[in-house]
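Letters A, B, C and D mark the chains in the order given here, with residues in each chain numbered from 1 onward.
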C-alpha cells in the first residue's frame, strides 16, 4: 500500500465531522468559522458530542447558540455517517479521536492553532484555503497502523484496548524494577529488568518511545519497536520487529505493575498476567495538504535544521 | 582527601559487628564461620539485630544456638560500639546498613557469597585469609559520600532521609509525565518534563542512574549527577555538578509524584512541594583488600574485558 | 517470505564449498576433518582459493598435502558450482565470502572454533553431528538482505559495491565534522552534521550501527536503519525506513570524506558527490541447525541473561 | 576558588586587545565601532595581528585605514601587555585565541554578531552599553580549565599541545576500530575498542563530547570526562574523573590513529605511542555581564525551554 497517494474522488467528502480539543474555549471561534465554511460549500456538518458539550460550557451564549444549529453525534455515529473528520487541537486531541474512529473508514484532517503537531499539521490561520483545496481532492493520504492489546489472566482475557502510539507495561511509583518476560511469535526474546517496556507503532515512535531512546520509524515501514525504559542490562537496546508479529509480555516480578494504552486506558497487572499485542486490523487514514511529506514534519518538530549543541565550535 | 590510603593503626579493629543479608538462610554457615574466626583472633563479635533475628527464624537449631552466644545490637548501638562492620550479602544489603551507620565512624567491609558486587567485593571462599590481612592493617580505605534530602511543603519540612545511591523524584503509574523545576545553588536550571529525575552520588552512578543513561563518576570526583528519566526534550542530558551544590526540585505538574531515597524510603509529593538535596555531612568508609582498585571493579562488573556486540565483525 | 522454514529437498547439497578464515593456521585441522567428513558422506568438496592458499602457507607439509587433493575454486566458480558453502571462522570471514557469493544462490553455513558469532553459530566441536543432520535436510533457513551503493560524481557512477552490514559515509582523521544532505525516495530528509552516517541492514544492526546507538532490526523486518555517528544536533536520532527506499547521501562539507562498504571497500568522496543506496536484488541464505532462533543468538551475544550494571542494588 | 565573583578593581582594564573572527568581513564595522568606543573611554586599544591582517585583506580601504591607526600585536604580546581581550566572533574564534592566551592572566570577553555561543555571550547590538558596565567593574568572572597533552614515543615526548575543549584519540578514515589502553593515576582502566576516545574539560562537555553521548559538566566541578566514540562494548560508558588525575592513553591497535587537540593541532600516533593528559597549570578567565549564569546559557543553547519531540502527545 503506497504511503502517499491522491484520492480520485473528492465528491465523497460531503458529510464532515468537526472535533475540537475538549474544554478549550480559545478554539470556539475557529470551530464556528470552520463549520460555516463547510456549510457554505454545500457540505453537511456534524459536531462530535464532547466537542459540542465543551462549547456549550465554555463559549459565549451567542457562540453556543450558533453551534447549536448543527447535529451532534457520538464518535461511533460519526464513524457511521461522516465522510471525513476535521480535528482542531493538538496531537493529543487527534490521538483520542483517532482511536475511537479506528473501526470506521473515516479519514482525519488536523488543524492546529498553536505550534504544529506531528498529526495536526495545518495552521489554523491558513485553514480555509487549505481545506478548500483538500476537499476538492487535492491532498496527500497516508495510512497509520494501530496496536491492539489484550490482558490475559490465567488464560482468560480481562482487558482489551487499542493503542495508536504505544502499549506500555511499567512498574509503579517507588516500586523498584519490574521483570518482564517477552516472547515474539512464540520465541522467547528475553527476561528484561527495567522501569518498563514500550511497544510503539511508527506513529508512537515520535512520542514516549523517542524519549526513552527509541528510533524513529517511517510510517510505511510496517514495524513495531520495543523500547526498554531504563533497562538494568546496558545491552538491552530497542529492537524493531515486523508488524506481523505477536508480542507477549508477561509480568514476572515487580510491584504495582500496570499496562497503559496511549497513556490513557489502564489495567493493573498481577504476576503471570500477560499482555498479548498485535497490529490491529484497523488503520487510520490521515489527509494532508498537497506536497506534505513526513520528513518535512520531522525536521520541523525535531529542529533538525538547527545545530543547538555546539554551534560555532565544531566546524 | 585521598581516595585510597593505608590506615596506620590496625589495633583499632577490636570490636567487629557482623551484618548479614536478611532472611538468607544460605549464608548462616558463613556467618558462623566468620564469627568464630573473629573471636579466635581475640576480637569482640557483635551481631546486628535483624541479622540475628533472620538466623533465629531460618537456621537449624544447632546453628541458631551457636549464634545465640554473641551479643545482639541495633544498628545505632553498633555505630556506637563497633570498630568495623563486616557485611555478608550483596550490594543491597550493604546499601541498607551503610545508610543506617552513616552517622557513625564505622568502616565497612563487604563479603559476597555469589557474584561480587560494587561494594561487597571479597569472595566468601577467600574471606578468612583476606580478613586476617585486612584486620592487621593491610587494606585500602576509601570514603563515599551520601546525600541528604528534605521534602518541604509550604515552607516546612515534612520528610527527611539519607541516600547512598540516589534521590529520585518520579511520576506514578500510568500518570503521564511529571514536570519538575530544578534550581541549583539558587540559579534556575530548567523545567523538565520526563518520567522523573535521578540525583545520584558517585556510588549511585553505577546503579539506577546508569540504566537511565547517566555517566560513571569516580568516587573521588566530588560530584553529583542529575539524570532525567525518559526526558521529553531530547537535549535534556545528564549534568554533573559539584557536591558542594544545593539542588532544589519542585513538582510543577504530574500525578502521583513521589520521592524515593535509595528506592526504599518514600514520600508522596504534592504540586509545589520541593525536595532540597545536598551532600550529607556524613561519609561512609569502605575497607578493601590491599591492591583493590575502583577500575578493577568497574571492569569486572561492566564486562569491559568482553566485546559482546559485534564480535568478529569490526576488526 | 517466511524467515525460517524447512527445505524439502536435501539431495541438493551434493557439492559443498569450504571457506576458512584467512591465515588462521589454528583451523587447518578442522578444515581437514570437515572435508573428510563431507567426502565420506559421498559429497563433492571444493576449497575456496584463498582458503587453500592460506593452508598452503601456514599448515604442516602433511596437512597441506592432505588438502591438495581437493579442487580449488574462486568464489565466482563456487557460486556457479557449489550447492552450499560451509564457512569456518568468525563473522568477519562470513561477511567477506557472503558479499562475494551474493549473486549466486548458494546457502551458507557458519562454523566457529571460538566464541559463537551472529552468523557463525555452530560450535566446531559439535560440527560433524550438526552438519550430518543439516545436510540431510533438517535445518532452519533464513534470508538476509544486502545493500548496493553507487558513488555518483557529476552525474556519473565512479564506484559501486555491495554491503552486507553497512554503507558508511564518514569524515577523515582530525577533519572536524562532515555535513551530509540526505534524501529518501526523492524527499529531503535533512542536512546532518556529524562524524558520519551509517546505513545498515538488519544484519548490520548488530555491528557498527549498534555501537553508534542504533536499534536492533529483526531480519524479517524489511528495513534499513540510518544512524548518525556523534551528530551535532542532539535530536538527530536513528531512523528506520523500509528497504524499498532509495537513500541518497550527498557530501556538502567536510574534509577527507570517504564511503565504506562493510569497512572494506572504500571510495574517497568530493563535495557534491552522492552515494545512492538501495536494497540489492541479491539476498543471502543462511542455514542454521534445527531449532535455531534469532532471539537465542541475540541473548547469547548481547549477554541479555546477565544483569551487569547494578547487580544486587535494584531489586 | 569561587566560580563567579565580582572583581574589586576595574581600573585594571586600561589596555584592551581586540580579536576578531578571521576572514570575516562582516564584523569589520563592529570592530571599528568597538575600537572607537574603547579609545573614547580613555583606554589603549591593541589589535591582534591575524585580526588586523584579515581586515587589511577584506575591508574597504577606508575601514582598513581606520584600523591601521591602532597598534598590532601577536597573541603572545597581547598576553604580556593587555589587561583584557574582547573577542568578536563565535565560540570557535574564542577557542583559538583562548588557547594562545592561556599562559597569560588576560581575561576574555566574547561578543557575537549572530546566534550567541557558550563563550561569546554578548550580542553585538548591545555591545557598547554592556561593555561600559563591565569595564567599570560590573561583571561576573569565572575560571575555566585546560588540558595539556604530551605524545610519548618510546619514552620520549614528540608532541605537546593545550586543549580547551578536548583531546581526541581517533582512528582514521575507513580504518575499522582503534583499540586503546587507558590508565588513570597509574591504574589500568580498560582496553577500549571504538572509533576513538574524547577526553574533555567542562568547557568541552558542551561540544564534541556531548554529540558522542557525554554528560554536561558544570565548570566548577573540577572534573574531566572520558567519552568513547561508538564503543564496541555497549557498557563502555562515559566516565567522569577528577581533574587532578593523570590519564594515559596508549594505542594498542588500529590504523591511521591520530590525536587532536580542540580539533586543530594534530599528531599521528603509532602503536604503543602514549598520550599523557593532565590538567594544565593555566586557566582561562571569562568575564560575563552582571547577572550571567551558566544554566541560562545551557537553557538557551540546548533549547531546554522547548519540548520538541512529543509536543501535545504526552500530557
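Quick note on the criterion: contacts are C-beta pairs under 8 Å (C-beta built on N, C-alpha and C of every residue); 3 or more make two chains touch, one makes a residue touch a chain.
All values reported here derive from a predicted model rather than from experimental measurement.
Visitor: Moving only to chains each one touches, count the minimum steps from subunit B until you reach subunit C.
Guide: So the least number of steps between the two chains is 1.
Visitor: After a C-alpha superposition of subunit A on subunit B, what does the rotation angle come to, in degrees rounded to the nearest 5?
Guide: Nearest-5 rotation angle for the superposition: 180 degrees.
Visitor: If more than half of the interface residue numbers appear on both sides, call it same; otherwise different. Which is it for subunit B and subunit D?
Guide: Mostly the same residues form this interface, as more than half of the numbers used are common to both chains.
Visitor: Find the pair in A-B, B-D or B-C that has over half of its contact pairs, by residue number, in common with A-D.
Guide: Answer for A-D: the repeating interface is B-C.
Visitor: Once you count every C-beta pair in contact for both, which comes out on top, A-C or C-D?
Guide: Counting C-beta pairs in contact, A-C comes out ahead.
Visitor: When the centre of a chain is set as the mean of its C-alpha atoms, what distance in Å lies between subunit A and subunit B?
Guide: Once rounded, the distance between the two centres reads 42 Å.
Visitor: Cα centroid separation between subunit A and subunit C, in whole Å?
Guide: 37
Visitor: Taking the mean of the C-alpha atoms as each chain's centre, how many Å separate subunit C from subunit D?
Guide: 42
Visitor: Specify, in ascending order, the residues of subunit B that touch 2 or more different other chains.
Guide: In subunit B, 176, 208, 210-211, 232, 234-235, 237, 263, 302-303, 306, 308-310, 314-315 touch at least two other chains.
Visitor: Examine which chains touch each other and state the graph shape they make (line, ring, star, complete, other).
Guide: Its topology is that of a complete graph.
Visitor: Which part of subunit B faces subunit A closely enough to touch in the complex?
Guide: 170-174, 176, 194-195, 208, 210-213, 229-232, 234-235, 256-258, 260, 263, 266, 302, 308-309
Visitor: Residues of subunit A touching subunit C in their complex?
Guide: Residues 176-177, 184, 187-193, 210, 214-218, 220-223, 225, 232-242, 245, 293-296, 298-299, 302-310, 314-315 of subunit A touch subunit C in their complex.
Visitor: Please give the residue numbers of subunit A that touch subunit D in the complex, ascending.
Guide: Of all residues in subunit A, those touching subunit D are 89-93, 95, 115, 117-118, 120, 165, 206-208, 210-211, 234-235, 237, 263, 301-303, 306, 308-315.
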